[in-house]
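Chain nomenclature is as follows: A, B, C, D, E and F, assigned in order of appearance, with residue numbering initiated at 1 for each chain independently.
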Amino acid sequence: MSNRTLALCRAAPYGSALAREGIEAVLASAAMEQDIDLLFLGDGIFQLLDNQAPEAIGQKSLRRNLKALPMFGVEELYVCQSSLEERGILPEQIQIPGAEVTLVEKPGELIAAYQCVLSF
Amino acid sequence: MSNRTLALCRAAPYGSALAREGIEAVLASAAMEQDIDLLFLGDGIFQLLDNQAPEAIGQKSLRRNLKALPMFGVEELYVCQSSLEERGILPEQIQIPGAEVTLVEKPGELIAAYQCVLSF
Amino acid sequence: MTLHIVSKSPFSCQALHDCLQSLVEGDALLLIEDGVYALQHQALQSLQETRIYCLTADSEARGLQTSSAPDSVEIIDDTRWVQLCTEHNPIVSWFR
Amino acid sequence: MTLHIVSKSPFSCQALHDCLQSLVEGDALLLIEDGVYALQHQALQSLQETRIYCLTADSEARGLQTSSAPDSVEIIDDTRWVQLCTEHNPIVSWFR
Amino acid sequence: MPRYAGHFTICTPMKFSLAIYSAPHASQSAASALRFAKALLAGGHEIYRIFFYCDGVQNSNMIAAPPQDEADLISEWQALQQKHNLDLVVCIAAAQRRGVLSQREAHRLEKPVANLAEGFDLAGLGQLTDAVANSERLITFGG
Amino acid sequence: MPRYAGHFTICTPMKFSLAIYSAPHASQSAASALRFAKALLAGGHEIYRIFFYCDGVQNSNMIAAPPQDEADLISEWQALQQKHNLDLVVCIAAAQRRGVLSQREAHRLEKPVANLAEGFDLAGLGQLTDAVANSERLITFGG
């Protein structure tokens, strides 16, 4: 049995551990060659912002983990367009090398295409 | 030294432990005869709702703890008026026997009168 | 069809807002834990096309008057919760 | 004068909203942790009378462009944070 | 007025897995998960796995001692595990960070004591992936 | 453009207390509290007490073992305590519920092991009240 899985990433990085632990779960899944896609929605889009420098707050960069995604075969990242707009973030601020960012107008339609959704 | 203290209660009951642990801290303080007042603001006003029946979710009634406040000398409860209105709750739904509920229009002015604010 | 489970208060958290942005016609919405405070929130009034469910254990715990909730809300027990989960796929939790 | 410390994102949490409802003229607002996302939020634009501070460690951690923040925002280090706490009383934390 | 409806539909048994992210006392969601698990089993469904992640690993901390009149979720999970032979898996990395260790992990990490409750197993995130792949429904309890 | 201002004002030392409600790894707030405590001490201020409440009690769980490249807040609190003789008080009721026990509590509650880190003391909520009464500033770190 195999299930197409969507990781729904809604947590901002650093303030809570959820963003990091979500990406770790996605990487584990991708390493086992399970089909897994990511949808960044709400504050989750802040995970993708460039120029993160969390050393002074004693944390490791989460973007380093995100950059590992393409190496594990996750090459397409879905991003909720209205979440971006609400936060005044431009698409060029959230690029991940080796991955294609696809803006999603109707996240509900994307979600409906999966058998399993893991919320983070 | 003694400090006039305000407990700022913003958590809804049951969903998280913060509402309960906040009231427990207030009761401990009142039992030691420290001056402590309570301001219910935001979802904290839901702590005061009548007819709570949390047995089916495996919890004890938080209102029982609130009803103990007057016995420890806490007889005045401040409630943010706009928080009530935003949530469609009427003042008569949030009465605690033995305590007087005072609606507060400007919570900031109340807060400014205290030396210490404990947030819950 | 998706089942959306919302467990946080719409008055203090964006969970319901984000969920409603992700609703598709035919999806169902289940309110649990502090999510049941949505019964007091106007966002539900606008949801004409969505079946809305609310866990009775959670609304009773909080002393919420379900009689003032919109007609479209069905108050359900845990058995029905399980059944909703068998009837829908995927199941999406909105807990922050 | 009160120092209000907000540590949650205004886009997902009511902390900043509740805090602003409780601001009095002369109060100061300090953004820490996910509270620094308020730099991207329009709520700050309307605060003409309030001194606003933002922890540099937290805005840099998150890659936020402080250059686009309102002029009224002062980016501060931990030493200044301590000083703000000595200068204000009470100190109110808004963390949910 | 909302509708109160009685439902007695009999449905085909399904294979469920749960992912639990919250500690027993901090939020209600672990308690909700336990109630849901009981309702699943009562309804004749199969629980393939319950995966404890993030703060959810605290559900397996055997030295938690809630007051007598409060729910004791850890004991309840253990009782349910025994009765239905459940697969209760605790994420090993999340548990290490949060101070939930098996004897073996305590030894390996040179910590003096272990506190993983009986009935729970430490394992990697692969067990979550495996649960997703082998379950018809996966439900997340977080927050 | 916001103003970047240098401030070198010397201020009178004050007596601070902190209340910490969050576990080390779940949220950033315990780490913020630690940074703030260090800045307080560096500024010549006095810390009357640090009170760990709610999930904050996990800051004293000695068997937490974060990976080498992640912050180890428990050790950092201990080091700060030793250096400055800090009064680190953990709420005994909150700790019981969450599985953080001293030897004495473990014995009393008939639990096989204890995990309270050295440098921390278990005590009642009265110690929070006392901190409020005896400090010029109290700051809450929660969420």
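Keep this in mind: a contact is a pair of C-beta atoms (placed from the backbone, for glycine too) under 8 Å apart; a residue touches a chain by one contact, two chains touch by 3 or more.
Since the model is a prediction, treat every value here as computed from it, not as a measurement.
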Practice prompt. Could you tell me which chains make contact with chain B and chain E both?
Written response: C, F
Practice prompt. Taking all residue numbers used at the chain E/chain F interface, answer same if over half belong to both copies and different if under half do.
Written response: same
Fill in: Contact-richer chain pair (by C-beta pairs counted) among C-E and A-E
C-E
Worksheet entry | Distance-maximising chain from chain F - centres being C-alpha averages | C
Worksheet item: What is the chain whose Cα centroid lies farthest from the Cα centroid of chain D?
Response: E
Worksheet item: Roughly how many whole angstrom separate the Cα centroids of chain A and chain D?
Response: 27
Worksheet item: Using mean CA coordinates as chain centres, what's the chain A-chain C distance in Å?
Response: 25
Worksheet item: If you average the Cα atoms of chain C and of chain D to get two centres, how far apart are those centres in Å?
Response: 33
Practice prompt. Hunt down the residues of chain F that sit against at least two other chains at once, touch-wise.
Written response: 21, 25-26, 28, 32, 35, 54, 70, 93, 138, 140, 142
Fill in: Junction residues of chain C - those touching two or more other chains
7-8, 11-12, 14, 33-34, 57, 89, 91, 93, 95-96
Worksheet item: Going by the touch rule set out above, which residues of chain A reach two or more other chains?
Response: 10, 14-18, 42-43, 57, 59, 116-117, 119
Discussion item. Taking the top-of-page definition of touch, could you list the pairs of chains it picks out?
Written reply: A-C, A-D, A-E, A-F, B-C, B-D, B-E, B-F, C-D, C-E, D-F, E-F
Response to the item:
The residues of chain B that touch chain E in their complex are 14-17, 57-60
Worksheet item: chain C touches which residues of chain D in the complex?
Response: 11-14, 96
Practice prompt. In the complex, go through chain C and note every residue touching chain A.
Written response: 1-2, 14, 18, 21-24, 27, 89-96
Fill in: Residue numbers on chain D that touch chain A, as the complex places them
7-9, 11-12, 33-34, 37, 40, 56-58, 60-64
Worksheet entry | chain E-touching residues of chain A, taken from the complex the two chains share | 1-3, 5, 17-18, 21, 24-25, 28-29, 32, 34, 116-119
